[in-house]
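Structure first, then comments.
So that you can tell them apart, the chains are marked A, B, C and D in the order they are listed, and the count of residues begins at 1 in each.
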Amino acid sequence: MVRFALFGAGFIGQVHGGNLATHPHTRLQYVYDVNAEAAQRLAGRYGANVARSVEEIFGAEDVDAVLIASSTNTHADLLRAAIRARKPVYCEKPIDMSLDRVKAVVQEAHDNPVPVMMGFSRRFDPNHRALREAVRAGEVGVVEMIHMVCRSAAPPPLSYIQVSGGQFRDQTIHMFDLLCWIAGQEPVEVYATGSSMMDPAITAAGDVDTSMLILKFADGALCHIDNSRHTGYGYDERIEVFGSQGLVESRRKPVREVALYKGSKVVEEGMFAGWFERMEPSFLLAVEAFAAALEGRAGAEYPTLMDGLRAQMIAEAAVESLKRNQPAPIEYWQPA
Amino acid sequence: MVRFALFGAGFIGQVHGGNLATHPHTRLQYVYDVNAEAAQRLAGRYGANVARSVEEIFGAEDVDAVLIASSTNTHADLLRAAIRARKPVYCEKPIDMSLDRVKAVVQEAHDNPVPVMMGFSRRFDPNHRALREAVRAGEVGVVEMIHMVCRSAAPPPLSYIQVSGGQFRDQTIHMFDLLCWIAGQEPVEVYATGSSMMDPAITAAGDVDTSMLILKFADGALCHIDNSRHTGYGYDERIEVFGSQGLVESRRKPVREVALYKGSKVVEEGMFAGWFERMEPSFLLAVEAFAAALEGRAGAEYPTLMDGLRAQMIAEAAVESLKRNQPAPIEYWQPA
Amino acid sequence: MVRFALFGAGFIGQVHGGNLATHPHTRLQYVYDVNAEAAQRLAGRYGANVARSVEEIFGAEDVDAVLIASSTNTHADLLRAAIRARKPVYCEKPIDMSLDRVKAVVQEAHDNPVPVMMGFSRRFDPNHRALREAVRAGEVGVVEMIHMVCRSAAPPPLSYIQVSGGQFRDQTIHMFDLLCWIAGQEPVEVYATGSSMMDPAITAAGDVDTSMLILKFADGALCHIDNSRHTGYGYDERIEVFGSQGLVESRRKPVREVALYKGSKVVEEGMFAGWFERMEPSFLLAVEAFAAALEGRAGAEYPTLMDGLRAQMIAEAAVESLKRNQPAPIEYWQPA
Amino acid sequence: MVRFALFGAGFIGQVHGGNLATHPHTRLQYVYDVNAEAAQRLAGRYGANVARSVEEIFGAEDVDAVLIASSTNTHADLLRAAIRARKPVYCEKPIDMSLDRVKAVVQEAHDNPVPVMMGFSRRFDPNHRALREAVRAGEVGVVEMIHMVCRSAAPPPLSYIQVSGGQFRDQTIHMFDLLCWIAGQEPVEVYATGSSMMDPAITAAGDVDTSMLILKFADGALCHIDNSRHTGYGYDERIEVFGSQGLVESRRKPVREVALYKGSKVVEEGMFAGWFERMEPSFLLAVEAFAAALEGRAGAEYPTLMDGLRAQMIAEAAVESLKRNQPAPIEYWQPA
């Protein structure tokens, strides 16, 4: 049984809180949020304690691990505090918006190793995971091309877009992580281009809402990713890996398997309304992986802080490429 | 919040116990099982009380409703006790193996009305439910033909088959209920035939393992059901409704949406390993429907004791038809 | 090169005429029709000769084989004439409406063997054929259940229904042939029931338009067939074979593989408008099989006169069962 | 009835020859090939004449149109001869390998207009065509992203690759034409990258075998195309159009609709073995479109010489981008 303290009682904090409270191997011990009322509400629902300060949590003996689901600008400090307190930590992405601060955290974790899991929950989607297993098992031979589709049903609030660092840093970053995880290698170059087609306010915020990227691996393999901030048909995320001997794909998942045949058409149920409806089960599986690792049980490998760093560095190169409309090399910084 | 006492801590009792304990509108208050150790284990996991006797439960003030998931031969007595104690009751099917005892219970409930829900959880499967909504909304016009497929991945233990009353009474009964619920009317005649193809022990038990039935409605609409006690490919349950203007189907649900293209073939993920893996989410939805009704919240209509009686009477006619290899009329007894 | 004379220049005669004229191994040499103008039109299109009489064809030296696509009441006489003239013959189903006349033809062919192919063209549908190959290769183990769906988009003209012998003799007969061909054995009993739901004129003609049958094999395997004279969604013909180790199905074939995702739905292309649009390619494949056999080339086995007899005898039992609402044994007459 | 002379009796010439000979509105009048034997064989099969020279054809009064299916280096001269002889011409792509010669032909056709159809037969694929109709009808709203997949089952002979001008000029060119036809506008910039992963001989020939391109339209819409010279699973060509209100896709087309359920998997029939097996029906539909236009019948619009020029100019820009690893502007030359 792993006793967790949770930072953040917002939307994603509530998701994690519920999972930590009901999972047979975890317990929701403390909740902290700058909004004390929100913390109280969440803690109350599951019989957890409300922490009055961050320090209370890191000093508590009945806390085995922490989960950081608070706003992005708090991640780095909380990560460092957890590292210093020797508390294993599950942290939502990204590490920080500033690459310098990211490097500082990574360096500190390198010097004082504690289990750190980055919340790349898509790795735990059963479809994506089965695709990756097929690829790693050589089912498609040598990987030659990868396709990733990542399309939100609707844009996030403009206020979020203004601080998120842009489409590559907040949306595509999940794909960057999945890409490396699936391919078993890191891309060396990226070309990114995009447009702002749907909302002048997004243009004004300096961001694109419709983008395509081509990433190149050292062995010549290519990856294409497309992103959109809206669709007319729900949330759409798919992956296709094309190899020398075959192709494997993680397809669209329909909400229901019901079809109506009428006239010359067949009408089937479509996609999930949003990313959360589609990806919800992966959050519990992600927590399970971390709990299993901390308890020494067999479980899925989890994404680390270095994986978080890697995905962010790809995003940086993509931003650079977009700005200059030229392919950009991707540099991978390593802690000393 | 509806406080439930649970009878039965076996497999299906554990499923209900977990749902009652974690659903936001229900609480698992007591567990009772003739196997006290099993009751203790289940109650302990969720902080519920162990009842030492049936009477303790029906006399308890902190019990708002009961859920009967104990063995079939206890259902009728527990139902009657609940009716007398004015406790709403959720009861797993069937009501009883003896039609006389079934009628006695129905009569008693008729005379002393208490909310009684029969555990026809398949009504809460989202696929089946969407199909039914399409039919009831007239999407396919007048219903002319219905197809139902109900195939277990593997036979139940022989000991169960020997007391279950046969394939129609224990397996097809779910389809009989779904059929009436979807069609909005009751069949008037049934022809049933079957074979024992897979295991001489099933033959020796006097049962069939492979069967087909045709049911006829008063307006001429026809329904076909097939049943098998095993498949070579997991659990397979499907429904298709053909009407004067179109067709709607509740299709197979794959475990994952992953496909491998290789050579001249595409290999996709198949079916769930068993009925429970496939139908698990419907149990929670069923409990939610009952809780909503008891609390006066909006929710799905639930199957009643009369629905349980009806399904059993169709099963009786099917057994009769199988025995005589002739179509049999279906008679619907009503409480006076 | 097999030189064919064609009897019948109606719809199906025109289909065969075009195939015989353009197939690299056949030639359309003569066309005969009681409607001389229709014969002339068809012959003219492909540079074939018009025969002035049936006798002219059976006496012609430049005729290697005949294809009978004229009206049903001419089949028996033409078949006998062909047998006597030692001309191989491809004959559309049925042999004749009278079972006595059918037996007489079969007996004569038995006494004077000539290659006779019955036009069960559905055996040449690539989907059905692949299904059968899987079954015969043991891919699904021992066959336990078969499902066949046979639903016309729209009823034939009432004038046809009045003389066709009813739904089992004109529509289901294709399924009876496919069933034996796939199962590799013959059913021994049939239960048939039906309704007349769509058109009082069909009722008045003494026929059903909506029907279901269960056929039983000696080893206990069961087959279900449903039939409809109309659908709201085009032509629907499917087969599913369930065995002890798996299931194989010949699925619906969409007109096009195009899908529109919009809102919460996916709209795909539906079914072919009618049986001919769906089954058209199988007619050429059927002619190819017969030509190959006559030329001694490797080719698909073709359905024989005995297969035609067998299918008709199953239809007779089905008609009997429908009339008496009881299962009927199926008797297979053999030529002496 | 349009009487055609055919240049070229190789593989694609034979396909066209058969179609011209059997289509009800066209006749195969002459065949010419530098290989007189090949011309004789093809003409003989359909009762056509063998032309002894190119001049004979352009001087013949019984030739209404010509179809150029000879080797690429003959296209320009034959096109010019046809234009001068006022013979409508159906020409396989490309116009010529040299852009200067292409421009000269286009200029001449501009000055002396004759109907010229470029053999972009994929426009006539029923799936692609239905997709385009949905897009043009506004079903998906404003087009924002397009995806095209174009993967050959196996590379062409090395001798062909050495003279074909590379993957973009011989393979992707079909996609460039489809793209403009579907989008109703022309891309203004292209970024192309590629690798040579499968065969050192292709590398030695200076070509790539695995490539990805991003094309940008003036309104910000983006298009991605991927190409491969081999797959492990047959021919794969797909298109997906994502718009502001929905998505439409021209999906993979399976060879047969047959599925085997066994164990935890479903095995379905895969893709066509090669591009020709997949695209064969579109060749006849393409000829029909041209014949209809020449006869003044209603029919599908056909791709013109200007469309051929446009696709080649996009290919030139793509080659330039690949060489320099930078996005390249696309320039569209117009005849004066």
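To be clear about the criterion, a residue touches a chain if its C-beta (ideal position, glycine included) is under 8 Å from a C-beta of that chain, and two chains touch if they have at least 3 such contacts.
Being a predicted model, the structure only gives us computed values, none of them experimental.
*Asks:* For chain A versus chain C, which are copies of one sequence, does the interface use mostly the same residue numbers on each side, meaning over half shared, or is it different?
*Replies:* same
*Asks:* Which one of B-C, C-D or A-C makes the same contacts as A-D, at least in over half of the residue pairs?
*Replies:* The A-D interface is reproduced by B-C.
*Asks:* Where the centres are mean C-alpha positions, what is the separation of chain A from chain B, in Å?
*Replies:* Chain A and chain B have C-alpha centres separated by 40 Å.
*Asks:* What's the distance between the Cα centroids of chain B and chain D, rounded to whole Å?
*Replies:* 58
*Asks:* Quick check on chain D: which residues sit in contact with 2+ other chains?
*Replies:* Expected reply: 140, 231-233, 236, 245-247, 254-255, 261-263, 269.
*Asks:* For a test of understanding, state which residues of chain C touch chain A in their complex under the given definition.
*Replies:* 231-234, 236, 254-255, 261-271, 273
*Asks:* Spell out the residues on chain A that touch chain D in their complex, using ranges where they run on.
*Replies:* My answer: residues 140-142, 144-145, 147, 151, 191, 193-198, 210-212, 214, 216, 219-222, 224, 226, 228, 230-233, 236, 242-247, 325-327.
*Asks:* For the complex, which residues does chain D have touching chain C?
*Replies:* 22, 126-127, 130-131, 134, 139-140, 245-263, 269
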